[in-house]
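There are two complexes below, and they share chain A, which is joined by chain B in the first and by chain C in the second.
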Partner chain A sequence: MLRLSRFAAPTVNRLVSRSIAPAASRFYSISIPESSPVRKYGSGDIKLRFSKDHEWLALHEDNTAFVGISEYAADSLGDLVYVELPEVGTTVEAGDSIGAVESVKSASDIYSPVEGEIVEVNEQLNSTPGVINKDPMGEGWFVRIQLANPNEIDSLLDDTAYEEFLAENSD
Partner chain B sequence: MSFSNSIACSMSRFARNYAKIPTGVRRFASASGAEGKTPLYNWHIEKGATMAPFAGFSMPIVYPKIQSHIESHNWVRSSSGLFDVSHMVQHIFSGSEAKAMLERLTPIDLEAMTPGTGSLTVLLNDDGGIVDDTIVTKLDDSEYYVVTNAGCREGDLAYFKQAIETEFSQVRHTVLDDGLVALQGPKSAEVLNSLTQFDLSTLKFGHNQLLTIAGIPGCRTARGGYTGEDGFEISAPADRTAELADALISANGGGVVQPAGLAARDSLRLEAGMCLYGSDITKDTTPIEASLTWVVAKGRRSPPRNDFRGAEVVLKQIADKSAAKRRVGLVATGRGPPARGHAKIFAAGAGPDAEPIGEVTSGLPSPTLQKNIAMGYVKKGFHSSGTEVELEIRKKRFPAVVSKMPFVPTHYFR
Partner chain C sequence: MTTASNARVFISATHDPRVNLAIENFLFRTLSKFNTSHCLFLYKNSPSVIIGRNQNPWRECNVPYLESHNIPIVRRFSGGGTVFHDHGNYNFSVMMPRQQFDRDAYIQLLVPQLNRYAGNDKLFVNERHDIVNSSNQKVSGSAFKLVHSHAYAHGTMLLRSQLASLSQSLRPSYIGSIIGRGVESVRSPVANVEWLDDHSFEDSAIQAFKAFAKIESEPLPVFQFSSFDEFFNRCGDLSLRDDYKLLTTNEWTFNQTPKFEHKIPKDNGHISVMVDKGQIVEINDQSVRKNDFPLPLPYHAEEVEKYIPTYGPIISQAMKN
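Entry: the complex of A and B
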């Protein structure tokens, strides 16, 4: 789960409050681009899900899932300049922090949407965090997680539900 | 707040007739909690701004269709940005007691200032704590233009009311409903030059002049701002503020001035080492602790003019260097996450159980320096430039060094 501005200073909160989220009128892409490394990882079906805190999760047939933040979230945060990734091998519960992303104006935790083990992190983000803004569901993926229980994704939103959620919740 | 130094110069007349300004329109936030709208609200919406509540107003944070936060920040450092700061509170204090009242409430020396000049100062309480920071401009001996922070609006109004009711009953206090915009950046002067007959080379940093800009008379224009760059803060009649903003954006063929939001305003002011009231300075900090000793004018430090509120505490801290904490600049020495407000500050090499020596009040990754910068308070003894410290971020500590401010050199027109 992405929690906007969790670590942000009162300074920053005063400037960039929870309702910093951009207007809903804008179109946000919620599909994985053809060129995405997330797509290229496996040849089988990919199940795409979203959390209500604007993370996406792409589950492959080997029961590992790429996780990142949605275009909407990346847009809300602005230019990302720093990323804190978890260590490979870390086991996480749903809701555990798996790192943080920071823009000039705010810092946000990223929480795992599922239970599992971190099996890969996107090291490229350490040197070029702005990739998340440019290609949030492609080169900007955050981690790959081995799911403890693949059925857990049923509690998340599919793309249609997420699109409706965006329309309802951004004003 | 705006510019960070006091300057004197000569000015002629300030002909604006304040009596004509409608004061019945309360465009600020109502008690019902709905956000107020500045005269540029629709202008921001048309430009696709991301709006957010700030100090009771719906304010633009960034204009994503035009520039990202970092692009906007860099634009102000290299060209010119236009900020809506109409949420700030503009006051006129007039009458024979106006000077005495402002000198009771602040440590400013209005006698040493020439009409047409302004200075940053602080409203103080009896403990020497900062009630707000403010720019006070002397229009003439009995008329003063004062700009205070939006977030302090209600508190400041009560504070002034109390001073008038208890001690300075002859002071007339008017709150203006005018719009206020800040044009900031190295190309601001050439842009403004193209829209006014006035010779701006005679308007130095800290000076104030009524101008006709783009055919709009009565634009009270102060040279200075909150970014460290050359620039102007222009107060214009509310019903013509959007027209002024359009003229500035289109000036010199367009493309020189871009609208800028509060996100860039915050990162620019921090690079310039300027305080944000409520974070970097509060009622619990004195100007000495806040490293703003220079706002205590030399002429106000000894009898008979050492009679400003809180003088006893403030002057003692100057005399015996007894301030227990000091506001300092902090620059991270390595790569790592930026420290934000409330990050704890530790002495370099302090053990895991050590007590912190202070706390960060503002911090972010500086777009200009490409380093993490912050300001915060440290215990006396740790405040000298070059002192090595550690900042705790998400339970890890990262090295930083106490540094002089501004972090980015200022470029004022003096």
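Entry: the complex of A and C
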């Protein structure tokens, strides 16, 4: 499943859109660090996806997924000073708000990229919201969601498509 | 390159803070729908206190004073601190694509436009993204919102605001201490820009907006409206009513407050009142723990007096001062 959707995008388009991306555009890491608790949660394959709202989602074999905000989103917000987490047990539709973050006078909402139930929230963020800036795809994970329909991730962007999306939207 | 066709300017002649903040949120939410890349919204509110998205109103302002003077408290959607609005304060809101988001970009263009009228008392942008006068008094405060692929920067502009009402409204009334997460305001000395009139401000805001959205020569249509209904009839979108409704609810204004503890001095120690979602969920006394009252109860002086015979008077007094 991962490989199919990953290579579905025509290679030619990918090269074209990369070549027109401005050389000066900042590089954003879009992979899960080796040390990330998101990686350590399970031993099987992890399917990594992104939303156009700059959230990432890492799906484990037990059909629960860690969700957080991408480095691009964390970077555009600046140093986070406040995080509002949802309650465990909340059920959400794709696109529903699952919390909020605030940096220097800037508020932003976090949206669930999928339908499901919140099964865990990263309480550590309450006392140290800045972790999201330092390690957005590691210690800065936001929630873990039990997916209602794991196939729903096919409608999200894989890492290559997200990279293209970032390049197209950073002129 | 932006053209006049995807940049819009709205000027509100209604002064209900809930209406203006609802319209601002609506304009922001529907930028893509109306094929808008940049939007400028100018509005004034009747006397009101506007708190940041993640703030505690009891910590930021004098809730009992505001209630008794019918000055509404409104929780906005952007971050940052608490501000006082009245007819002498002009608000500007600039919406843009997220990749153009920069906290200072618009006000850096606005300040030179304003300074055309300035004489010796020039304005400056400070490191907190606010505008200050030559005496370093704040005349404009800013706050920001980023959602999906859009962002806005909005701010106040003190022209002829009642500064005595401002300071009275923003002086908290509680006794003891309020401890909790959430964003605390940074208090600054403020001043009006006496030499600037409404018309000059509007003109400056629009000129700066044209420069910001890179609109060269085309005339920019300005849509003015004087009531919620007029705007609503023009946009014809029912969801605007939801934006408005949310802003009028206690759930949003008060109960959205992050969990906090109000510590009230008593004898040689204190009573601890825990408040979650605007409700008192626990009252702890150093010496005794009593649960002979119905909890949760709204964190409101009248309710507390009515339902908590033991601690009611001391707690309500600590809320009202």
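Basically, the second predicted complex is superposed on the first by the 147 of 171 C-alpha atoms of A that agree within 3 Å, B and C clash if a C-alpha of one lies under 4 Å from a C-alpha of the other, contacts with A are read in each partner's own complex, and residues count from 1 in each chain.
In this section, a residue touches a chain if its C-beta (ideal position, glycine included) is under 8 Å from a C-beta of that chain, and two chains touch if they have at least 3 such contacts.
Computed from a prediction, not measured in an experiment: that's the story for all the values here.
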Which of chain B and chain C A:Ser29 touches, first, second, both or neither: neither
Which superposed partner A:Asn169 touches (first chain B, second chain C, both, neither): second
Chain B versus chain C as contact partner of A:Thr128, first or second or both or neither: neither
Which of chain B and chain C A:Asn63 touches, first, second, both or neither: neither
Contacts of A:Lys52 with chain B and chain C, given as first, second, both or neither: second
Partner chain(s) touched by A:Ala107 [first = chain B, second = chain C, both, neither]: both
Chain A residues touched by each partner, larger count belonging to chain B or chain C: B
Partner chain in contact with A:Val81 - chain B first, chain C second, else both or neither: both
Shared chain A contacts, counted only where both chain B and chain C touch the same residue: 81-82, 84, 100, 102-105, 107
Residue ranges of chain B touching chain A (in the complex, touch as defined): 48, 50, 52-55, 61-62, 64, 68-71, 73, 151, 262-263, 265-267, 276, 278-280, 336-338, 340-342, 360-365, 367, 394
Interfacial residue positions of chain C with respect to chain A in the complex: 52-54, 77-81, 98-99, 101, 103, 129, 142-149, 151, 181-183, 258
Interface residues, chain A side, partner chain C - complex: 52-53, 76-77, 81-82, 84, 100, 102-109, 126, 169-171
Chain B partner contacts - residues on chain A that touch it in the complex: 7-12, 14-17, 19-23, 75, 78-79, 81-82, 84, 100, 102-105, 107, 133
